[in-house]
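See below for the structure under consideration.
Letters A, B, C and D mark the chains in the order given here, with residues in each chain numbered from 1 onward.
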Amino acid sequence: MRKGVMRPGHVQIRVLDLDEALQHYTDLLGLIEVDRDSQGRVYLKAWTEVDRFSVVLREDDSPGMDFMAFKCLDEAVVDGLAQELRAYGLPVEEIPAEELTGCGRRIRFQAPTGHFFELFATKEQTGKWGIHPSNPEAWPRDLKGMGVQRFDHCLLYGDDLDGTYDVFINILGFELAEQVMDPDGNRVAQFLTVSMKAHDVAFIKHGEKNKFHHASFYLETWEQVLRAADLIAMTDTSIDIGPTRHGLTNGQTIYFFDPSGNRNEVFCGGNYHYPDYPPITWDADQLGKAIFYHDRQLNERFLTALT
Amino acid sequence: MRKGVMRPGHVQIRVLDLDEALQHYTDLLGLIEVDRDSQGRVYLKAWTEVDRFSVVLREDDSPGMDFMAFKCLDEAVVDGLAQELRAYGLPVEEIPAEELTGCGRRIRFQAPTGHFFELFATKEQTGKWGIHPSNPEAWPRDLKGMGVQRFDHCLLYGDDLDGTYDVFINILGFELAEQVMDPDGNRVAQFLTVSMKAHDVAFIKHGEKNKFHHASFYLETWEQVLRAADLIAMTDTSIDIGPTRHGLTNGQTIYFFDPSGNRNEVFCGGNYHYPDYPPITWDADQLGKAIFYHDRQLNERFLTALT
Amino acid sequence: MRKGVMRPGHVQIRVLDLDEALQHYTDLLGLIEVDRDSQGRVYLKAWTEVDRFSVVLREDDSPGMDFMAFKCLDEAVVDGLAQELRAYGLPVEEIPAEELTGCGRRIRFQAPTGHFFELFATKEQTGKWGIHPSNPEAWPRDLKGMGVQRFDHCLLYGDDLDGTYDVFINILGFELAEQVMDPDGNRVAQFLTVSMKAHDVAFIKHGEKNKFHHASFYLETWEQVLRAADLIAMTDTSIDIGPTRHGLTNGQTIYFFDPSGNRNEVFCGGNYHYPDYPPITWDADQLGKAIFYHDRQLNERFLTALT
Amino acid sequence: MRKGVMRPGHVQIRVLDLDEALQHYTDLLGLIEVDRDSQGRVYLKAWTEVDRFSVVLREDDSPGMDFMAFKCLDEAVVDGLAQELRAYGLPVEEIPAEELTGCGRRIRFQAPTGHFFELFATKEQTGKWGIHPSNPEAWPRDLKGMGVQRFDHCLLYGDDLDGTYDVFINILGFELAEQVMDPDGNRVAQFLTVSMKAHDVAFIKHGEKNKFHHASFYLETWEQVLRAADLIAMTDTSIDIGPTRHGLTNGQTIYFFDPSGNRNEVFCGGNYHYPDYPPITWDADQLGKAIFYHDRQLNERFLTALT
């Protein structure tokens, strides 16, 4: 958090059918619907999050990610980073407060990999869902489905990894936690963090710009990953792979798809990071094991099913 | 245990290279070597087993299972079942005591699916490994690898499922715990038990006789299944599939191969059975989900990689 | 199961306030109410049980256990055991079918420790709760509270342990799985089984006859024991001790009280038993560790809070 | 990490017998001995830590904590904070590089609660123990005992909580994550963090200065807490309480004592913190539940057994 960016704040996801999507994200993942706006967007949050919302669903003709936003310490940080981004040559758009209900003004820019990111500092804090703010119980009794704990990170595919690296590391104050290097010394995967987490956002090298691989949600235990897998089977939800472990980050994970074809991950565990920790490096010829530690090979879907 | 057969007692497995196999079964699975005999066979046990050994490795030119044995309450049970088997028309071979070191006389017959089974009642009881017989600690501190708890069951492929069913149910007193039925009412998978376990031995319909699908070992928890998967990756052991859950039995499982190509399973959890419980039935068109509950489809290897 | 007794079939528990008790056993433990009868008794079952009910609550002025019943293979077994009990000198009462709704005739006797036990062979089988009988999902999605899997066993306090041992072992065909012996060679705790379980019923030496220590319900995992403990705290339920592990049986456990003061246990894991396994023996001077493996000392409540 | 303090770096603990202590911290907790110095001190680390050591044992006549140190981003941070501490009126001692082998210069001050704290920025980085720096396996196979992952935090008892709060929050840039307030609005417990962790150091109100309650080590799972409890029993180590859950932080925990009477904790899970999160507050009349969520009452030892 060298520059005042704290954490992933929200992600806006395009879905083909809002009702189907909503059932998926609430009944299966256990996100809680907190609001709808005049554009028809639905706002969701995970129960441990203090802010009002973290996921926004927008109905559209094609699936994918509209933008991912990071919450900053205060408005001065947002102002300063906006200035630095512009100085770097990136156009920065101002989104007024309440364009997303309950959220203050945001600034938006497009990273060299083509993805849209936002920074903001103000969002209504409604507290953890389902437990009292004082003398709080350990967890709320009426969670649904997987009961995910928080929106954790996104993995994005794009072309100009070095450009996006430069923006996130040198302007936004992220750190490189883990990476995959090809034999020519090119970084083909970069896992970036502004916290103790192994990644707050990650990028994998890909021919096209602005592709969305997955949005990831945090679970507390490997047993919850099993129960998530069970729920995926029970609800006849399209599975990608898992339960398994990642070599990169060491998280324990399962991947599946929402009804629009957007990939979701739920996971637990994994490495922690501090600013003085050297990045963990995997060689590209070990990419299979880096991604899926147990199978030690990629499934084709992981590389090609993008939105 | 209607007829006095208690449990799987041992399995003799053929391996191509004894040293490699031994390292696999001891360092990785955590079986304990307890003996070798003049034929060069190696005897292993799992730590919670009271009897002297449960796995016998024999070096040979081709992998596979020589025989699987069940322990009976007493010698009278063995005598009575031998007589019934003969009356049924199955040749029964007498194996003298100490042909396997520490084991009493066994009788051996070939089931209609082509597999060789043995019955015995006497084997030296050396007690659980690594803990005192009185005031015992919860577990021994110096287990290796997966630290498997017991040899649990075998899954075997063969042609005449009905014939073997008849022998196990009507002569040996097993019960049908779970099954897969095809649309014509033929049983294509039968999970048989003489205990509370969901299976002590299981059979899947297959064109050839006497094929060995896997020997299975019991773990205590889903976290141990994860650590087993990690160990499989660390030791570069050939994995089949997992961690995942079975629909049949509900066990949580991972499959992998020993250096000779024999499949192993380690698993935890799963259904329990009582004699008055109706068999749990899956339809053949749900076979994928019945076998791999999360993926809901079979991998080709599961059906064809046999020894 | 040498004599045809299969498992604990039901327990009838006296409670001071039926509504309070019902909320405890359904909302907290997750038992499912299945029936009420003209006497005002409420019938409950746990979700993995195939039979119609396993717990009966009866409102009365004092808490405690009315009787515990074991299900037998068939009516002939019940007849034979009734005859043996009478021959042994124990009066046997016949309870007609449907005295408990959905249950066939039962026979009842009082064991030397003063507790009433029943044997029966017929009870309506309604199947596992919440899942289809064919192609069953792994678990039902709408379980409440702890979601206990089955009524597992009772622990009873009484004076004449040797007498009850004799009846259970020599007449009913139970086996001694685990025991605590005092320096004079007297058995002060006996854990008896008719299955692979470490205990189907257990007795601890005590000055009075016919005292009820606890009814125990099975959970699948140590994480479910944690969540049970959390729920006990959230609902301000009176706790006894736990989460912890037993030395005897090695089960992982937590004890608490229903609103009438009857103790409940929920637990997972633990040893398995076969007929040829020698009993596991703890010395009385290790009783603390035998009961509570981690603390290695008894709390006073464990010995004195009885109903 | 507003002011550049990153994390707990090390703790120096006084023990009565170095050999006994070493066996406790290595064989039982699973710390790894990495060095000894000319003063006879022994240096230990936990396997996931990148720095050379995190625990220093010093033989002395009385147990307790000599000092706890925090690692800072760089030497400039240390210089700046030293200046601020002095300006605040606290004497600051300079400890030269290599006074602790492998560690750069440290500055030391005494907090108003009487405890000695150090700041440093330089320590040799030897990498995670037992795994390769590139393409790393998930965990090393030869960990001992509990295999603790990292030195996580200390809980300290002292008188002037407000004074120490002022120093940590306003000078060192810590944040208040969780607290216990008495009815008069006095903070009687304060859990302070410079990271996402629920606490990097915590203080409880107490009549005396400079008392050491415990040093805490991180485990990955609740199952590892169970195995830690088992190991405590097996090694006849003095237990305090657990396994249980804290209300404060929600961690899952067990407390026990080293042979010198210093309390240790191993724990997993718990809340995460961000700078904009309001502190979680428990009322003093809920202190029992705040500390031990399941029992909802303190044991006397927790309040009085200090070193």
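Quick note on the criterion: a residue touches a chain if its C-beta (ideal position, glycine included) is under 8 Å from a C-beta of that chain, and two chains touch if they have at least 3 such contacts.
Just so you know, these numbers come straight off a predicted model, no measurement behind them.
Chemist: Touching chain B and chain C alike: which chains?
Modeler: The shared contacts of chain B and chain C, listed by label, come to A, D.
Chemist: Tally the contacting C-beta pairs at the A-B interface and at the A-D interface, and name the larger one.
Modeler: More contacting C-beta pairs are found at A-D.
Chemist: Quick one: report the Å distance separating chain A from chain B, using the average Cα coordinate of each chain.
Modeler: 44
Chemist: Could you tell me the distance, in whole angstrom, between the mean C-alpha positions of chain B and chain D?
Modeler: 48
Chemist: How many Å are there between the centre of chain A and the centre of chain D, using C-alpha atoms for each centre?
Modeler: That gives a centre separation of 31 Å.
Chemist: Provide the list of chain C residues touching at least two other chains, using ranges where the numbers run on.
Modeler: Residues 138, 221-223, 230, 233, 245, 247, 289, 293 of chain C each touch two or more of the other chains.
Chemist: Using the touch rule from the top, collect the residues of chain D that touch chain B in their complex.
Modeler: Interface residues on chain D, with respect to chain B: 137-139, 141, 221, 223, 230-231, 233-234.
Chemist: What residues of chain C sit close enough to touch chain B in their complex?
Modeler: 1, 6-7, 48, 50, 71, 73, 125, 127, 133-136, 138, 195-197, 220-222, 245, 247, 250, 269, 271-272, 274-278, 280-283, 286, 289-290, 293
Chemist: Spell out the residues on chain A that touch chain B in their complex, using ranges where they run on.
Modeler: For chain A paired with chain B, touching residues are 222-223, 226, 229-230, 232-233, 236, 239, 242-245, 247, 252, 254, 289, 293-296.
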